[in-house]
Amino acid sequence: MSSLQQRKEDHIRVVLEDTAVDRRQSGLEQIRLMHRALPELDYDAVDPRCTFLDYTLSFPFLISSMTGGQGDALGRINRHLAEAAEAMGVAMAVGSQRIMLAHPEAAESFRLRRYAPSVPLIANLGAVQLNEGITLDDIDRIVDTLEADALYLHLNPLQEVIQPEGDRNFAGLADKIAEVTDYLPIPVILKEVGCGLSPADIELGLQAGVRYFDVAGRGGTSWSRIEAHRSDDDLGITFQDWGLTTLEALQLARPYRERAHLIASGGLRSGVDLYKCVIMGSFMCGVAGPLLQAATESTEAVIQVIERFYREYRTAQFLTGAATFEQAYDNAQLILRA
Amino acid sequence: MSSLQQRKEDHIRVVLEDTAVDRRQSGLEQIRLMHRALPELDYDAVDPRCTFLDYTLSFPFLISSMTGGQGDALGRINRHLAEAAEAMGVAMAVGSQRIMLAHPEAAESFRLRRYAPSVPLIANLGAVQLNEGITLDDIDRIVDTLEADALYLHLNPLQEVIQPEGDRNFAGLADKIAEVTDYLPIPVILKEVGCGLSPADIELGLQAGVRYFDVAGRGGTSWSRIEAHRSDDDLGITFQDWGLTTLEALQLARPYRERAHLIASGGLRSGVDLYKCVIMGSFMCGVAGPLLQAATESTEAVIQVIERFYREYRTAQFLTGAATFEQAYDNAQLILRA
Amino acid sequence: MSSLQQRKEDHIRVVLEDTAVDRRQSGLEQIRLMHRALPELDYDAVDPRCTFLDYTLSFPFLISSMTGGQGDALGRINRHLAEAAEAMGVAMAVGSQRIMLAHPEAAESFRLRRYAPSVPLIANLGAVQLNEGITLDDIDRIVDTLEADALYLHLNPLQEVIQPEGDRNFAGLADKIAEVTDYLPIPVILKEVGCGLSPADIELGLQAGVRYFDVAGRGGTSWSRIEAHRSDDDLGITFQDWGLTTLEALQLARPYRERAHLIASGGLRSGVDLYKCVIMGSFMCGVAGPLLQAATESTEAVIQVIERFYREYRTAQFLTGAATFEQAYDNAQLILRA
Amino acid sequence: MSSLQQRKEDHIRVVLEDTAVDRRQSGLEQIRLMHRALPELDYDAVDPRCTFLDYTLSFPFLISSMTGGQGDALGRINRHLAEAAEAMGVAMAVGSQRIMLAHPEAAESFRLRRYAPSVPLIANLGAVQLNEGITLDDIDRIVDTLEADALYLHLNPLQEVIQPEGDRNFAGLADKIAEVTDYLPIPVILKEVGCGLSPADIELGLQAGVRYFDVAGRGGTSWSRIEAHRSDDDLGITFQDWGLTTLEALQLARPYRERAHLIASGGLRSGVDLYKCVIMGSFMCGVAGPLLQAATESTEAVIQVIERFYREYRTAQFLTGAATFEQAYDNAQLILRA
């Protein structure tokens, strides 16, 4: 097994075994919503549908980037996720596709369009790889394999520092990202992996031609803590709660929402959390950790988790009296300030 | 036994058995009152009497809507409550009377005027039933059976969503409520059941001709949690603390107190809580959960609970130096701000 | 034994046995002082002396009103307290002297001048007794027995309500207090017993000619809780934390400090607490509960407790760089605001 | 063994045995830093170097004053610390050198220049000793023995009060300090030992010619608690959390940073803590307690602790996008305010 492959499997094992990897402090619990006793709506007519990358989704749910690689296990996880995305009408992103460049046989696990023909699929690569020899051709391959509608470039400086074998050269990345946005016909989405994008990061991204930003804040899966399990010092524990919470990141990103499409992720644990993010100006919401266990089991298990999020989301939308996604999106009046 | 009947009995059992159904977070503990070491009053001359629907009550206590239905158990509960209301000189509301429309023999449990000739009695119906075929004639029957002084229309969108067999069509209710207020010679009171009325709800109610509002906020009995016991998913747990606390609801309702009579309820657990609500502009205070156990036992047991509330209320009024209800009502100077 | 006597002994037993009677929430822990690393003082030259009622005291410590009555036990407590006050150069107040009016043999326990010839002694009576037949002659007797330098009139409306045999007629007291201040050649001090004086109380007192006020706030010994032990309902528990904390009462009283001498008491548990009160404008600080156990033992035991307060007080004065009482008194610059 | 010697050994034992001596409340946990997902830096190029007393250090770390004295144990501790300082390129201060004046054989433990030829070494004396017969000649001896680059004069009024044999005459010290600054060719640094310097202290120091201030705030090693172990009363426990936290002291000292070089210490427990202090305007950061156990073991053990601080510091600098020390120093924009 390649070391990259081994690393991926280690990550999954740690997330499933160490429950404290999920930090449960996104900050969203501080936001309270305005209940409507007289919503003037029929629950059955409440419509949570939204559009993303020209697709209509059943609600603003995005299976966030997790995995892919050599061997049966990772392939099965991705297939379960893709089939569930198709069944539920939600978007799906895959984990970093770097492995398929070094190990072409890993590409198989990213050929998901056959399972999910009618929902957005998003390719994924660590932006730091642009400093490690990745070419525009490589990116073409990554995107084509997935038949992707967009490309996630993830930014994970903390994870790379904690990781014993990490790639730590984040110099000059903004220019390299600009080359990718220039070249690619599909949108590039910039995302963190659990420490949050800051306003300065969004400014750099905008200058580089990026129009989609996933804040990926602190409060859910902690990569610093995951990597601590694979390291022989405590650095990852010291930094396990480093960064902007998802709430903080969203609040700081809000002024950019005219020029940028905002995606929320990081510690979203119920449909109510998702709905709060929509109210605060996110048009799409990513969830990773809560799906992993189900994804190792079956498509049906993943569907059940997404259905729970859906019921919660729809109930919250009903109870705040919003008939449609549009009535909730970026609507601060739905926030309770007492 | 009819399913409606079964449901009512389930509810009562759950409230009595699961102590966490009482959420104990009305927010009122944040309000502190201004003690007077020199109240310049004789405790024996302190007068907590007030008027409600042309009756004089011993203090602003309202037994909030709970039950009624077929069979001995529910009838006995209502009789105990009614006799205690009469003995103590406080108001009483009954639980939803919808059951007596489908099952006429249930009407017996709502014939309470014989036990409570000299206090206000309030009929009760879920407003959502106005979308389910209830007619103005039905409402006449409901009101007449109780010989009621007012009609509670309760709004419970969360409960209906969690409830497996819930009625969820809350569309166009405001207009239907307007028809009822037009038709009925007695006042209609709008109430929630534990999530709070929001300002927008009160606005709609005012337009529909309603002049009495029971905010029925979050913090006491949680219907979402109660229904979770009867459901096979966790939705009711996720939403068990949804809504405006009684304190928040009261604060947001305060600006309407010139045009609307405000009733407070939801998690009021002592006479001090009641007194705080009066100071914040409520002219009547409802209590449900704390009376249920006693109501299954005897009239005397209910009286004892109400007497405790009375002593606490009177003591608080004395210690803040208010000789009469009027001196306390809507008097923000009695709140301690330090 | 008379019932009044029995009651006093019950009180003492409860305070000694139920540690939760001391509520430990005076609010003073929120005040932080400004440390001086360079105090520019010799600790041995630090001078905490102050004057009270024309006496010079070693520091602003007042043994607060506790007891007195028939029988050996109460007499011994008072003797220990008086001897310790004399030895330490601090002031002492006695408990309510009402008992000596009904039972002349109780007067003996209040003849303390022989043990404490050179410190202020303060007589004590419940103000509410002015509505229960107490005459100016009675007050003369009370003051003369103690050879008192001042008279405490305590206000305890909550205690009287909780107490089964309580005197609850607090009407018209301000006028009666004015008669006493007119009549008596020595100062009258108004005090609560653990719920705090409010600004309105101080206003009434000033109009009645009172110039000394002991705020006696919430946070230390809870009389409501003590009386709950002697009652068969829970009223005293419900109200055990009623009132203004000592910190709140002091802050609200501060604007009156030009026209009124302020004494702090209620939950003062260290010399640092005392020192904070002085900084906030109290010129004397009362302590009761912490002395009771020692007072049942010996004069020496009481002295040891007061010596602890003294060391703590002097250390705090040294560390904030105040050479004298005057430099600390009402000096808000010594409070740390960061 | 001399009593001074005995005392030093007692102190070390207490710090190692009573974990509550470390109060863990510096306040720095309240400061949150702005994460940069796109730092635009190569981690390997991040440069935490800084200058202190004309030396270039690998990062702003100062081994804070701890010990020295007669016998092998203390000498070994100092040697381990000095060798580690040299190996890591950080500064080192020694503990109070007063003992070598009374016991010349103790001087040996302070001859550390041979182990640390290329880093700053700082001599140490209690400022209060200037009132106890210490002469300028004595100070020369102290400085010369260490071949010191600066002299710490520590201010510890609380410790001296708690200490049974304490020197408590802090009167007129500012003038005596001025004599030292006039006389000495090397800088004098004023420091507390865990209660914080206040603005008034810094003002006095500036007037006395001091230009370096180590705030040495509350929140780490508590000398009051340490001395409580050697005393027979509880004074040291009552005062164990007295003073300004390191965060408060830094915030209050900030306005002086144009005229004064600020050093932070007191409860700094990770490289992130150090980095926060730099951002808030400290150019050097002292750590004592966390090094003690390692110092009793070996040079290598001390190096490992400092390396951990270094990794944490460098990671934090990288993640906030600061290429150099200068970009981080006094740069409030790196603080997250959300």
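Read from first to last, the chains carry the letters A, B, C and D; within each, the first residue is number 1.
The criterion applied here is as follows: a contact is a pair of C-beta atoms (placed from the backbone, for glycine too) under 8 Å apart; a residue touches a chain by one contact, two chains touch by 3 or more.
As the structure is a computational prediction, the values presented were derived from the model and not from experiment.
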item: Interface composition of copies chain A and chain B: same or different, split at half; value: different
item: Distance between chain centroids, defined by C-alpha means - chain A, chain B (Å); value: 45
item: Whole-Å gap between the CA centroids of chain A and chain C; value: 63
item: Overall pattern in which the protein chains touch one another (line/ring/star/complete/other); value: ring
item: Interface residues, chain D side, partner chain C - complex; value: 127, 155-158, 160-161, 168-174, 190, 192, 195-198, 200-201, 204-205, 233-235, 238-239, 242-245, 247-248, 251-252
item: List of chain B residues in touch with chain C within their complex; value: 33-45, 270, 272, 308, 311-312, 315, 318-319, 321, 336, 338
